[in-house]
């Protein structure tokens, strides 16, 4: 079990976003989180990444309790990658510098080695000639792919993707999804929060539907997306179909 | 096609500019000057009825604070202090008893700067210099000035007797004064002199030791070292170079009162009043101080 | 559309290389060029006319000779230029030293104010107190306190009044700059910090590599504006005794009873500020370009 969330609770003021949530992820598994806005998908990912402190519950990474107050969040975050909906590239650095910042400063790898690795990745995703450009010169899809590379060069055990295609124009979504599919092929363990049901169906090993702060239903994509058990799941999917996104 | 509005705006602007510039004629071409003849006729200075700023009153300017021994308690109106006394004597000779004298506050630099004045005359230890005459009128002199170097007992120049021994000293003086010029023209020290807005700041710097000595006129030197500085002492008077330096009353350039005020000062000298006032208020300066060579 | 209906001047559109400008558009280009030339000529003409008019009016005005003699006397300007330049050198040296020191102090205080955690409370309180009090204190008072008050204590190793005055300027300006920096730091979107922390960067590393570089770039314009203001306030050092450009001009004005030295000093100050102002504008432009990645 690579990641295990048990009884996780998070409230903001009087609003309870995560409520006794349980979720386990095995190594090499790809889990898609689906659910309405405010159902807690982003919050859960931020809790796993220790950007947000849980109010209750335990999260374990490779068996280690990362929610223990004595744990060092910086060290733990080095093993987890988080990619955001709004890419969050550092605008004052070139693409290459964005990618090599963590390897050099956090993992203390030699600059030349980090640069080589970065260029290798950029080549693989077809962005090699953008290495010296600043983020404002890249399209949304390109920026997101750079953001994913930036998270990958640290060789994380687990990659978290928070609605990474939601901010992209439809024609750019494809290139990002292709990259994620390739990563799955290489055995990357991923948890992705997404609205792209079609993609979830293709790529996920398991789909988990979050509703009112807990995992209401989870299972293989064909089951959860095709013939869900819970009524609320059906309601949610009906709305998605209406919106033309399934 | 040029926009008609643009043309109108441009034209209007040009007209306004023209009006503004030509409208500013120099003041003295339009103001009226009282008819006072230049020749020394008996009625050139009608007693108590000169062309003063306020008819019937004589407005005298000085600085604030006004220092001893020239004034006392910073109240020019009390008649105490050498310059206050001289001012009231001049006023009386002009026909203005104390009740008709009004004092006004003017900074040292403003009084001798070019431009119209808010006083009839100003008395504030102004040395008569040809450059200042470009901007203001002076009366006849009423006091002979000696520039003096003063310091404290712990200063490195405390025991100096020659100007040469001051060459390495950091000296200070008030800005725009002949005291400052004395430093640059007579002493010519190596370190650049320090310049202060007023003598209070110069004194503070001396007490702090951030300057080795300051230059002021002789009576101020006596007063400061005796009454204001702990361990203050006079190093010595500077030699007079060229024309002897003298204090004069300052009047507006081309003032109609200059002749009358000058002759009043001359009267005070001729009938011995100035000497009496000197003895009264500047007694300790009678012997002068050691002269630096 | 049948071929006979097709207008004769319709351009070829098969490939870009064979694109030729249509007659209609060619006429537009000619017309616009003619208009452009006409407006340039008109602008030049009106500038020349206005300039000549102004020149004639000003120099012909009744007060002009006296104004010129009082403010623009070439002989006096030449006589006092060396001493004013020497004073200006003091201004420049002080400006450089104080600017660097004040910027450093300001940045340090701003970072201290953003430290989180209860253990840092005294530090935050001190930093906040400092910015509140020294933004309220007039610079003149601080200079007097430092340059006259401190030597009065007769402590061992008291530096010169120039250094003390410079310290007063640094401490006062540091408070303003600290607030500018703090605004810059807080304007960096929290998602940037989130991204940095997600990569495993510590708080300090996130500050150093991600937040501060962006914060500084964002507030470069107001910082540079404050530096231009600093250039002028540095002259207040003259209260303590040193002769700066304005004091040197004042001495000249007093000696000659003429205002030309002030004009000379003023012109020199403006010339000194011009490069700084040009850099400010350039930096502002460049910063605006970079900041909007991802939107």
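Going in written order, the chains are labelled A, B and C, and every chain counts its residues from 1.
In the analysis below, a residue touches a chain if its C-beta (ideal position, glycine included) is under 8 Å from a C-beta of that chain, and two chains touch if they have at least 3 such contacts.
Just so we're clear, the structure is a prediction, and the values are computed from it rather than from any experiment.
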Query = Compared with chain C, which chain's mean CA position is the farthest off?
reply = A
Remark   = Most central chain, judged by mean Cα position vs. mean of all protein Cα atoms, is C
Note = For the pair chain A and chain B, the C-alpha centroid-to-centroid distance in angstrom is 82
Task = Let me have the rounded angstrom distance from the C-alpha centre of chain B over to the C-alpha centre of chain C, please.
result = 41
Ask   = Once you find the CA centre of chain A and the CA centre of chain C, what distance in Å lies between them?
value = 44
Ask   = By residue number and range, which residues of chain A touch two or more other chains?
value = none
Remark   = Given the complex, residues on chain C that touch chain B span 42, 46, 50, 53-54, 57-58, 61-63, 66, 70, 147-148, 151-152, 154, 160-161, 238-243, 247, 250-251, 253-259
Ask   = Which residues of chain A touch chain C in the complex?
value = 46, 49, 51, 73-75, 77-78, 80-82, 84, 86-92, 101-102, 105-107, 134-136, 138, 140, 143, 150-151, 154
Touching residues on chain C, where the partner in the complex is chain A = 191-192, 194-202, 205, 209-210, 213-214, 217, 289-294
Message = Applying the document's contact rule, which stretches of chain B touch chain C when the two form their complex?
response = 2, 10, 14, 17-18, 21-22, 24-26, 29, 109, 112-114, 131-132, 134-136, 172, 175-177, 180-181, 192-197, 201, 204-205, 207-211
